[in-house]
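Structures for review follow.
In the two assemblies presented below, chain A is common to both, partnered first by chain B and then by chain C.
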Partner chain A sequence: MAVANNELEKVIIQSVMEELAKKGLLSQKGKDHVMAAAMMDTPLVPNTESEEMVTFPPQEEMQISNPFNADAVKAMKKLTPARIGIGRAGTRPKTMSLLRFLADHAVAQDAVFLDVSEGFLQRMNLMSVQSAAVSKDEFLQRPDLGRRLSEEAVKIVSEKCEKNVQVQILIVDGLSSTAIEANIPDLLPALMQGLKSAGIKVGAPFFVKNGRVWVQDHVASIVNSEVIISLIGERPGLGTAESLSAYMIYRPNETTVEADRTVISNIHKGGIPPAEAGAHLTDVIQQILAAKASGVKLNQQK
Partner chain B sequence: MPESTNQKITSVGIDIGTTTTQLVISQLTIENTASGTLVPRVEITDKEVIHRSRIYFTPLLDRDLINAVEVSKIVETEYKAAGLTPEMIDTGAVIITGETAKKENAKAIIDALAGFAGDFVVATAGANLEAIYAGKGSGAALYSAQRHQVTVNIDVGGGTSNYAMFHEGKAVDSSCLNVGGHLIEFERHGDRITYISEPAKIALKHTGQRLQPGERVTLPQLRPIVKAMAGCVVDVLKTSVHTELTKELLMTPPLQLAHPIRKVMISGGVADYVYALNGPTTMAEVTAFGDFGPLLGWELKVCLERDGFVLEKPAETVRATVIGTGTQSVNLSGSTIHLQENTLPIRNVMVISPFTSLIPETPQGIAEVIKNEILRLQVDHFEGIAAIAMKGPRTMSFANINILAQGLLLGMHDYLCKAKPLILVVEADCGKVLGQCINASANKPLELICIDQLEVDNCDYIDIGKPLMGGRVVPVVLKTLVFNR
Partner chain C sequence: MILKAKVYNKIFAFQSLKEVMAKANEEKSGDELVGIAAKSASERVAAKLVLSNLTLEDIYNNPVIPYEEDEVTRAIYDGLNLRIYQEIKSWTVGYLREYILDHKTTGEDLAHISRGLTSEMIAAVAKLMSTMDLVFGSKKMRVQSHCNTTLGVPGTLAFRCQPNHPTDNVEGMLASLKEGLAYGSGDAVIGINPVEDNVETVTRLLDTVKNFMLKWEIPTQNCVLAHVTTQMKAIEKGAPVDLVFQSIAGTQKANDAFGVSAAILDEAFALAQRKGTATGPNLMYFETGQGSEVSLDAHLGVDMMTLEARTYGYARGYRPFMTNNVSGFIGPETIYSGREVIRADLEDLFMGKLHGLPMGIAPCYTNHMKADQNDQEMGTLLCAMAGSNFFMGVPGGDDVMLSYQDTSYHDDASTREILGLRPLPEFEKWLEKMGILENGKLTERAGDPSIFDK
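Showing the complex of A and B:
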């Protein structure tokens, strides 16, 4: 029985390898290595030399084998990054779809668990402080801690930040560090340029690690800016892990509720391009300053 | 900032064709369709035809002169019937189509009407554009998008057949053939020929028939020539190797046929006969309108079906072009608009697309390309206003957008010295930030319109109307459409 099982396993491995090789996803060398390992009945040790990157076919590519109306599928795929038109193997997803799903899931996890790199903060010339959550784990388990600054951060912010400015910009990792590194280099300069052209007084932007949206209320209570805006990494999905939101509020205080915030979401290269978002946010901030209100109160004035 | 999220504009479409003149007035609803989280996107969300005119015979002074006075009377009468004055019209287009467009005083008419029919009404003509308006008015464009099937609309009028091919709602190809129902004229309900047009003479030569005005013809005599013309209409759909007659009758380059055709729609004056259950059986039926339209329609159906084309019924037949003109000629676009109120509307803005490949890396490189193109097209001798069109910056990075802004200012320096507005049309979603960068780099306040997410081509002409929606968008009317050939 054990032998039979082993034989079956080899056949399965062989056909999977051949399928991957046929699709150009596995080199001959890689295939030989895996096959040899399978034949030896020993656990597979990754061969680091032949380890190659798997490349996926473009997302737009239709994976249905015999579509009734290929144009229709293409048009629908253009409208959404969702996993449609991916075909199937019997009742299961095709190998490629499954691999892509796993890869996207891994990217999403990385976005949450990775930190924004020191190098990035230096390049962007951003001062960095931390929320009251000391680790990623704590950040994830205790949302309340991500909503206020650590004691040390309070000290730094009170000492170093300019007070009573019109606008204070925060860059907050939130649930995606990837989003910060992907968008801030284009968004921030566009926003700064726009605010400057509009003659608006802006404090030096800084970075908050392990922060949530509400941390802006705590910062505003210290710097006393009119408007405070958080550029924060959104909870990543399987479509993109690079999406960023801008949450803005006019003079938050103890009675502030979520409805007092204005949010522009989905800033990323497949959504609102970050540079364009910077220019648009300038308009929104001008509206908030003029109305002396944000969120639902701003909308009611329109 | 108080701003309405919804606005209605009134648009007029006037179609002066070879045989008929029509007018429709429609109400377009414009709305911000983006949710609050996104950058506003203003779109036309509803089109309602509020007035359809009678179908008039196009008033002519003689065979080649349109009667401008009569045409403006028609417009006046129809406005009155609709309860509107010219001041109540926001936008729209006059289109002189088919054979008539060749007629001597077409330009005078267009000018006369543009003034008469409200402030923003613009004049357009051209076979390609006409074909596209017809296909949008007939419903072919919408059908191709809803069913995801490549659909060709053929608007068969009095003098021409205008082809427009639609793929996912977008016009991808067009052509024009000199075949129409009015190319031979008859005594109404009779069998005596009163006039034979040039294209009909060419067709007669090919069928080897000799017919003269004043002669009487029988249905069997007339059928071969009409069949031959219908054959040419289908020839253009079938192949790019055409018969001699088709070649002679083509008025523009033929269809490129880059996409396999799934459905064919026929609009225009003869369309109702294409979709009729029976063909005409007597000369009196054929010449009910003093031409051979009913027979052409029927023969066209026979020919199309013989060659395996699948006919689909249009939503509009004889009014397709005018409805398309009235409701589809306006595009809305907006991003950065810094203009003095009275600068708009601007008519006949010439579009220049200087960048054929990737945008150069430096402002100097960009400026050089622009300057060369301005020299080549002699824009400096051009009295009017030019717009620079491009796909977008080299990449969507802020740095590249800034470089593009600087390059544009450098390249357009001499042009801007003449106190003309800087008009930019960008395909990529970066109109706001590009406008912002230009304002930041310019050493003096500029009159600037930077619109995005609009595709235009080299040497297109556009009209830009007064801003709508609290100054956020401008109506843009595209005037010439040529596909990459």
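Showing the complex of A and C:
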């Protein structure tokens, strides 16, 4: 018997064998013999347990039917991340373009509206407190509430956090819980290790839910650290929802302005990879500690 | 001036016209954030009731920001036609709404009274209008303008082709431009938001687009949406500019934050007249948006919608070629949901038109709002029915530079075909010559950017 060399052939042989066996026309031994002869090395799985799934075609694929100059369209697609060369159905987008757009927007919305999971915080051994914004709706509509801790959080931070350390690290969900879960597992250990190796005294990092950048000023006023750094989820684009920023400030007070913060943004696997960012942030924090200044004031000293 | 109203068994008393104006608004997160929104549905109706009974003279006598303190207020009052105002000042806001909607009142009539209306009067009447009122009223008004081509021709719908690129890469920008043109987008303007706001970048983009327009004989206008002062420096150095752009707002404080003033805009307009490349007479392009004053903490306690109307009052003196809102771009703390942004878009379109502005709309949204593509498409169709002069055109609806979603090239072509609207006449001829459009419909060849790569 010839070797069955494609999936369809294998399926046909197997169904014939099964039919014959059902009708008692083929013993198990006979069936095994035929299967072996057909060199069906892997047993076939029924379709219901199939690993097959529907996925999007590669983004770079040119979707225009009968283009005037296919190579030119392909070349154009390489020049920009914009959604071009995507073709149309009448005046409307093709089904895959529509669904890809919906998927990208869905990922962005989930990053904004879903919380960082409890399981993740436990695995990372992070204490969790909340800003004064009690829900995502309130957080998004009231930027002022996300800039300070809730009363309960103030109590917890006062009781549990070590005071007068050199550096306090905050993990803040901001506008992307996805960015936290994607980057913190590599970023936080790298940063902790870096600071430890440099002999810098660091307080236990903790998580702030529904927080904005300015919440670090409130935390700093309680723990009295020299430097406070927030690792915070950025507003997701349709391209990625995983981008994270680090905001650092030296002893913030009532007169602090935006320009006093040092910012490193675009931390994600397609930008500054999280482990690398850990090393980079260690360097920046050392500079801030040495200069006793951050933001524009730090740059002026350089 | 009666500032008290009874809604069934409840009595509501208001302290000022400013408070009534804020509380008469439909729900928006920015008014809530500032703490000036109505506290209940009944209070909202009470404010509308009070407002409906006020006369235009009451509004004239109580500017929400004093004349002496604010350049925008001065532009509104100084630009008013007093004779027309005198004729209508005894009208109540409620009567003005009915006058606008009356079958006997034509677009010409509205263009006439427009000159006697302050921005606050226009905002006030829009606060009494429902969605369909706004569409019906807007549709009556048709404002035309001319730069190189004529915008606002009856039966047409134009688009700004917006081929932004995240690093201002000229070839990447051209790729998106070709795709847009191949869908019939770009008759209002080819307008690029640059990443780098400097003379070199702006000049490079302007030159590239102008040369492309000349090579392919495209009847439209070019514009690079850098800060107005950067564009002015580029013009002085010889860059080809058809339209001068600037974002503006409804208080002097917010315009200060934008780095713009009446003096700068006067100078820019004069420069465009002396050294620009366009025919004119309309040479300016403005973008506005409900909530910008809130996000800049420059609202002075005035509601977002009234401030947006004031922005149009500020704009109209410059006789712009085009003006559009970007109310959905500002963020969830000012406009939270799809419902809020659709309402804002319709208000802006109506208020802009009643100011005599050639109004377009950017029915857009960001990823941290509770809005999605369906909301955006509903807003687009409603504004198109209401006679918006133009919308944006963004590849696949995804602006990869500004990170927000706006009308796509596909939406542009779809909206025209759904409502039987045509491109601007000169541009339609060009599209037919290129084999992109035939009898108002995309051809087989359309949607292929490589038709420009012979």
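As a convention for this text, the second predicted complex is superposed on the first by the 213 of 302 C-alpha atoms of A that agree within 3 Å, B and C clash if a C-alpha of one lies under 4 Å from a C-alpha of the other, contacts with A are read in each partner's own complex, and residues count from 1 in each chain.
Note that in this section contacts are C-beta pairs under 8 Å (C-beta built on N, C-alpha and C of every residue); 3 or more make two chains touch, one makes a residue touch a chain.
This structure is a prediction, so every number in the text was calculated from the model and none was measured.
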Touching partner for A:Asn69 - first (chain B), second (chain C), both, neither: both
Partner chain in contact with A:Pro273 - chain B first, chain C second, else both or neither: first
Touched partner set for A:Asp186, first chain B, second chain C, both or neither: first
Partner chain(s) touched by A:Phe101 [first = chain B, second = chain C, both, neither]: second
Partner chain(s) touched by A:Leu238 [first = chain B, second = chain C, both, neither]: second
Contacts of A:Ser265 with chain B and chain C, given as first, second, both or neither: first
Shared chain A surface residues [contacts with chain B and with chain C]: 69, 72
In the complex with chain B, residue positions of chain A that touch it: 69, 71-72, 75, 185-187, 189-190, 193-194, 196-197, 263-266, 269, 271-280, 282-283, 286-287, 290-291, 299, 301-302
Of chain C, residues touching chain A in the complex: 29, 32-33, 163-166, 169, 171-173, 175-176, 178-179, 183, 332-333, 336, 366-370, 372-373, 395-398, 400, 403, 405, 408, 410, 413-414, 417, 442, 444-451, 453
Of all residues in chain A, those that touch chain C in their complex: 64, 66-70, 72-73, 76-77, 79-88, 90-93, 97, 101-102, 104-105, 108-109, 111-112, 137, 140-144, 175, 235-239
Contact set on chain B toward chain A in their complex: 1-3, 36-39, 145, 147-150, 167-168, 396-398, 401, 428-433, 435-437, 439-440
